[in-house]
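Each of the next two complexes has chain A plus one other chain: chain B in the first, chain C in the second.
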Partner chain A sequence: MSSDTKIGSVESIFLILTVMINHIILNLPKNILETTGSASLLNIIFITLVALGIVYLLCKLFKRFPGLDIIDVSHFLGGKPLKYIIGILFILYFLITSSIFLRSFCESIKLIFFQRTPVFFLLVLFVIGIVYVNKLGNNSFIRANTLIMPIVLISIILIFIFNLQNFTLERMFPVFGKGIPTTFFSGISNLFAFAGIAFLYFLPPSLTQPNQYRTVAFTSVILSGIWLLFSVATLLYIFPSVVTTDESLPLYFASRYIEFGRFFQRLDAIFLLIWIISITSYLSIMMSFSIHIFRKITEFKYVYIIIYGFAIALLVLSLLPQNMSQIYFLEYPVYKYYSLFIVFIVGFTILILANLKHRKLKKGDAIIE
Partner chain B sequence: MSRYLKFIIFMTLIIIIAIPFVGSYSVQSVDDLAYLVAIGIDIGDKNNMKVTFEFTRPNYSGEGAATEVSPTIINSVEASSIDSAITLMNTHISKEINLSHCKVIVFSEKFASQGISEQIYSLMNRSQIRPDTNVIVSKCPAEDFIENSQPSLENLVAKYYDIAPISSDYTGYVPNATLGDFFDRLNCETCHPTAMLGSINIDSPSTSSSSMDSSFAFEKDSQITAGSSSIESTNASEMIGTAVFYWDTFVGELNAQETLYHLLIRDEIESCNITIPSSYNTNKGLDLFLYNEKKPKIDIQIVNGSPFVHLTLNLEGRILSVDSDSQYDSEEKLNELSTAASKHINAAVTNYLYKTSRELKTDIDGLGKHALTLFLTEPDFESYDWLRKYRDATFDVNVNVNVKSAFLLGGDS
Partner chain C sequence: MKIKEFFKSIFFVDPASSYDFTLGDDSFNKSDIKAEETEKSFESAGEEKKVFPSIDVNLEYVQVKYNTMINSDIVVREFLVTARNKQYRAFLLFIDGMVDTDLINNYVLKPLMLKNQANSFEGNQNHVISEAVTNNITVRKVKKFDIVEYIMTNLFPQNDVKQKSDFSDIFAGVNSGNCALFIDTLNIAFDIDVKGFKQRSIDTPNNEVVIRGPQEAFVEAIRTNTSLIRRIVHSENLIIENISIGKISKTNCAVCYISNIANNDLVAEVKYRLNNLGVDSLLSSGQLEQLIEETNKYSVPQILATERPDKATKYLFEGRVIVLVNGNPYCLIMPATLIDFVSSPEDTNLKFQFANFLKGLRLIALFITLLLPGMYIAITNFHQELIPTELLFSLIASRENVPFPIIFEILTMEISFELIREAGLRVPSPLGSTIGIVGALVLGQAAVSASIVSPILIIIVAITGIASFAIPDFAFGFHIRLYRFLFILFGYVAGFLGIGIGGFVYLCILCNLKSFGVPYLVPFAPVTNSNGGNGYYISPIWKREKRPDFLNTKRDNSQKHISMEWRYRKE
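Here is the complex of A and B:
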């Protein structure tokens, strides 16, 4: 994501949606069901409202820093040291989460289609794709993402609709699932599902219409909430076993139940093909944001070197886990709490402190350029 | 570096990486695979289990007559688990067994009585096997069942296995029990699994029907189970009735009529024929074509700690049996018939539900899911222990049959 890239409102919404949708494809709904059980739908409505509140605050906090991203704001707050720290934290966040994601998805594909193929080959194929996409430039993959996202969104809705006949609606009861405290207090940790908000920290300088920032933020959170609701409902209504049996790619399992009479069966392969393209797009975007932050904090000019460097880092990090148990650990508790820490604690703290500093310095509502 | 050179390097890299994915690179090309259509599991003599594999014959082009049935190959092996049986069979046939076209998994009754969760989990753990694969419990050895399952109206055995369970939709005499459904019910706190009941029928019709215990002669038609029907056919195997499980253990069976009520309650049947006593001649039966007019209504109350189940079935249908004496064209006669049918089915459904509760002690109808609304949290429901309490359940059944008319012949007035 170079500084001169300009993104439209629709493209920005899909960019933020990409994070959640691809995690939905992987394991997100199962992780939510694991925490809140039959109250998951209630919990999603609750955390969507909380996320909307957070986004409202975010828009308020960014109001005094138009056209600046979180790196610029941290520079304003603590100078270069803080800029480096925040930049590195976000680079690590994007790089680590995408490497865990890549490894987990490749392991799932390996289990389904390529049992005998070393996972390394699958990882390398994705990494080559990501490098190639990043070399093509930001505009190309942002547009490609805008094309692919509606298809992915439709695929999730289709899985919901085609499985209606397999639904047991009573599974949404008992209404409070594992208990009221779990649904509304510890269940608030499911906010990690809205980790796509992280992109909101970097969007202000890139928007073609900066006044649309608020609309982009609210629309993307509302759409994320709706699609999360659909995907969790699909799993909740079909499988009592999804939490107890640790199925990987649970949405893929749901797609295996789809049949159109006796003629059209095994449609899961089509869904998987769509998702593979979507995941390449998602990983390319994550890489692009990492490169953008790196260039911003180091002012390094040679983009290709950074792309290759980050690609190697992505590959090496994704090869580190020894087994699926480690991958699950990194994918769920580590990703969950790291996302909550970076997106909702670090980002917010920086913005709040920057606003306080701004008030102290300017003693008014003047904006920072 | 010129663009041309870059392109060559890029393409070379892609080709090198793509090579391992090409089918001919590995042993996974179609010629090296043996496609299974059925697996049978029996208790072994020398090991834990005897696994029977039914393969389609590779490259069979049907040189014989067009009506000739495609031959299959049936091999058996004794092993400690399904996975080691597959490995042993892979060694024997020198091809890799592929489960992606497996249509049925047959467990012998004796094996199923020992519990089959390990086998179900092992099979579900394999990505090749489909969740819509049917699960059959055979009253005879699974090997015999597979050997005797020869399609008479189909050329391909795979198609026969594929089509056979569909009769469930319009007969209701056998459930379309699938592996995915069985697996989910194994992990369910509100229901128990079922499977299709199969057997081979080698008894003479007179012997098999004499074992029926029924007050009415006409009821013998539907009080049959697999292996005891009066069907005479070149295909000795048959699937009639339901195998009932308590968690993973086979505990009993439902006959054709009970299976039909089971499917009506679960709303998993499009239509069915039910025979009720004729009001003119109690020894004669009157056949009705019935279907659920709307979804069955199930309400559950907890009375003195035990479940009290209110079940309302709203059936609609038409008369199938008419003769020259039939007089079913007046509203009064139709109402009379509807009342008689309601009463008959009401008693039969009540008996069926008490059989599941008191005798089989299993909630195969998934009534427990309707009790979920009575609890606020999952720990509350878990501590209530529905599946244990179901044994003490009381049933209030209300069947409303609305007989509309006969089909083309209304009968004399």
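Here is the complex of A and C:
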């Protein structure tokens, strides 16, 4: 987000939703099912409520800093050093997350469609697309994302509806899955699914209607929760948990079960086409956020050169993992705990401390300009 | 130097420095305009000449300026003007072929040259306006004889005569078909409207045919075109401003808008761009379109062109601005969004159900034109599982004897189709259908029989071709046809992955475009209020209450909340 980019409420909601939805397309439902088993639906409802509570706190904490993002707040809290540290942490978060995501997705589509194509070629195709749209400017892909997301959301619902005939409802039993402690205590770590909240730290200066921040935050979390529920339900009711853990792109495999008579038996490629567009959009947004933070902390005005630099970094980072097990390790435990650390610990700590400092300085409810 | 600039454009572009006009914002700096105007006035200061009192000097100046010795159609007619029984030397300047000679003979030369009641009347030289007597002293208010006023009021039985003192204004009039009258001792000249050149009469539209709707189209003459608009709008708020473009051609353009509807910023921006064109000549609206568009980089048209006055006025009522170019039967409508390019003038005349059905078809046609060949190549090369098994068998069987790869096959056929289309347009019209039949039927059949291409490919290319004709706007259809080749390439390189990434980039390009400050994909991206019948599909006529939100017009509503008052009127 360059400072001159203004985003409407609908665009912002889809922006936050895009993180969750694209991770749903990749492996998120499978990872949740792995943790909480047949209690995943309960767990999702639970973590959605927790996420709503977190968002409520976030809105409260940002109340004293209207029009400021987390970088500005950290500058207020600890001056330039803290601004740099927080900026670099978030840049690394966006960059590493997207590179792992990119590699994982490319490995999956290589397996499905391009067995004889080197993964490097697929990565480069994505990177070229991302560079091009970033050069066009933030407005372009944020608006494009707004057009794409409804189609992606519908595609997930369609997979759910068209697979109703394949559902085995008994798979939701036992309701508490691996037990109440796993569902509600260790299962809280599934909160990483709401990593899209990270965007909320950077939205305040970009919203066309800043008073809509609260609505944007709550709506996006509720919609994320609903779609996570749909996707996890689809997987839970179709696949036995043993199969679920083996497959990459589980939702894609769920789409393979869809058939209409003898004529239309394999519509999965259509879904994949929609998701490829969505993933390009997601990766473009992630890179744009990294670039925005970088520009903000360095005040470097030539954006093209940063785009090329970050694109090379994205490509190199995505090429680093040697094999699928490394990718899986980075994609699940590393991404999960890094997300939890950055989004829910670092961000919150900064905001709480900044609020305390503000109270100490102002001794009241005045706002920071 | 060029290499340096190339690298600079790749790496060191500061997006903030690019021109970005947003509707409703006071984004363009008025001081810049002033600076430009000052510069312009300096440029032309040396050329501005006033009319001399001596007729000989004027005559010489005109003859030199117009090169009358070699210019065959420039006519300088010298004669003597009779006014109050006195004779003055005078000359008329006009361009043969652009004036009505009968008008000049009967209403300019006759009243001025021949003796008649008006010019032979000898009254008092000084005209007493009022008289008052005080203390036996008579005070008279006298108006002295003024030959200019006398000629204007008594000798010209003409409806449009103007006094001009600058040669540049006089020449502009003469160049557009007026005649100029210079009279000895006067430091002004008369600019008399005697236009009378041959022009095409109003005809039916050739390229935007509708079934239920007006059957008249713009012609080349700008005045006829403005009258066509006036005849529909019937409002004193319709403003038609003239701007001449081209340092040499001085082509007349008319900026039309409804002053109590159109956004002031929009009107100012249109005029700003038109007034700041450094071209020598302007020959067509197509040229002008390219000169005033935000960007020409992606071949996406951002200004709508139409030959239909009803379509133009529909947009005028919405609050848009239209520009007419003299000598061109197309007007430009700005700003334009993607929806406008997929809408047909027929939509206004049809019931909303029919119009929406057609709009749905056009949307399908758009996707087919852009994506079908690319999808075909992607599916046959990478995603065969998508094709039902029976169809896959017949498809493979039909390709069995074809020796070429699919990409070669499809490119050959697509290019052949474009050739047939182009040839059909260029050949004389009676031969057009023959070209189509020979090209499409005979060649296609022969190509299949010779196993050069597969029959399924002929079907794909034919469907794509037919679909491309369903796109109402020529320029947009052309753009889609061009980008279709890119998607063929994307599909060939990486199947759905290529089409997906390419499709997203294309969507971003569209989202990035603006037409006079209005985002190209409104009301969808950015999301704006599309209620009141301003979305892609149109609402029933009684629900189209609002003008497009993105135009920020002065009047939001285009009709009452209850437009069919007769239905709800209480006795």
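Definition applied: the second predicted complex is superposed on the first by the 364 of 369 C-alpha atoms of A that agree within 3 Å, B and C clash if a C-alpha of one lies under 4 Å from a C-alpha of the other, contacts with A are read in each partner's own complex, and residues count from 1 in each chain.
Heads up, the rule we're going with is that a residue touches a chain if its C-beta (ideal position, glycine included) is under 8 Å from a C-beta of that chain, and two chains touch if they have at least 3 such contacts.
The structure displayed is predicted, hence computed values, not measured ones.
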Compare chain B and chain C by how many residues of chain A each one touches, and report the one with more.
C
Touch test for A:Y257: chain B only (first), chain C only (second), both, or neither?
first
With the two structures laid over each other on chain A, which partner does A:T168 touch: chain B (first), chain C (second), both, or neither?
first
Check the residue A:F176 against both partner chains and state whether it touches chain B (first), chain C (second), both, or neither.
first
Per the contact definition in the header, classify A:I45: touching chain B only (first), chain C only (second), both, or neither.
neither
Pick one for A:I270: touches chain B only (first), chain C only (second), both, or neither.
second
Going by the contact rule set out at the top, does A:I305 touch chain B (first), chain C (second), both, or neither?
second
What is the contact status of A:L125 with respect to chain B (first) and chain C (second): first, second, both, or neither?
both
On chain A, the footprints of chain B and chain C overlap at residues 113-114, 125, 128, 262, 265-266
Touching residues of chain A toward chain B in the complex: what are they?
37-38, 111-114, 116-118, 121, 124-125, 128, 168, 170-171, 173-180, 238-241, 244-245, 253, 256-257, 259, 262, 265-266
Help me check something: in the complex, which residues belonging to chain B touch chain A?
13-14, 17, 20-21, 26, 28, 127, 130-132, 162, 180, 183-190, 366, 369-370, 372-373, 375-381
Interface with chain C, chain A side, in the complex: residues 2, 4, 8, 10-11, 109, 113-114, 122, 125-126, 128-129, 132-133, 136-137, 139-141, 143-144, 146-148, 262-270, 272-274, 276-277, 280-281, 284, 301-305, 308
Quick one: which bits of chain C touch chain A in the complex? Just the residue numbers, please.
10-16, 379, 382-383, 385-386, 388-390, 493-505, 507-512, 519, 521, 524-527
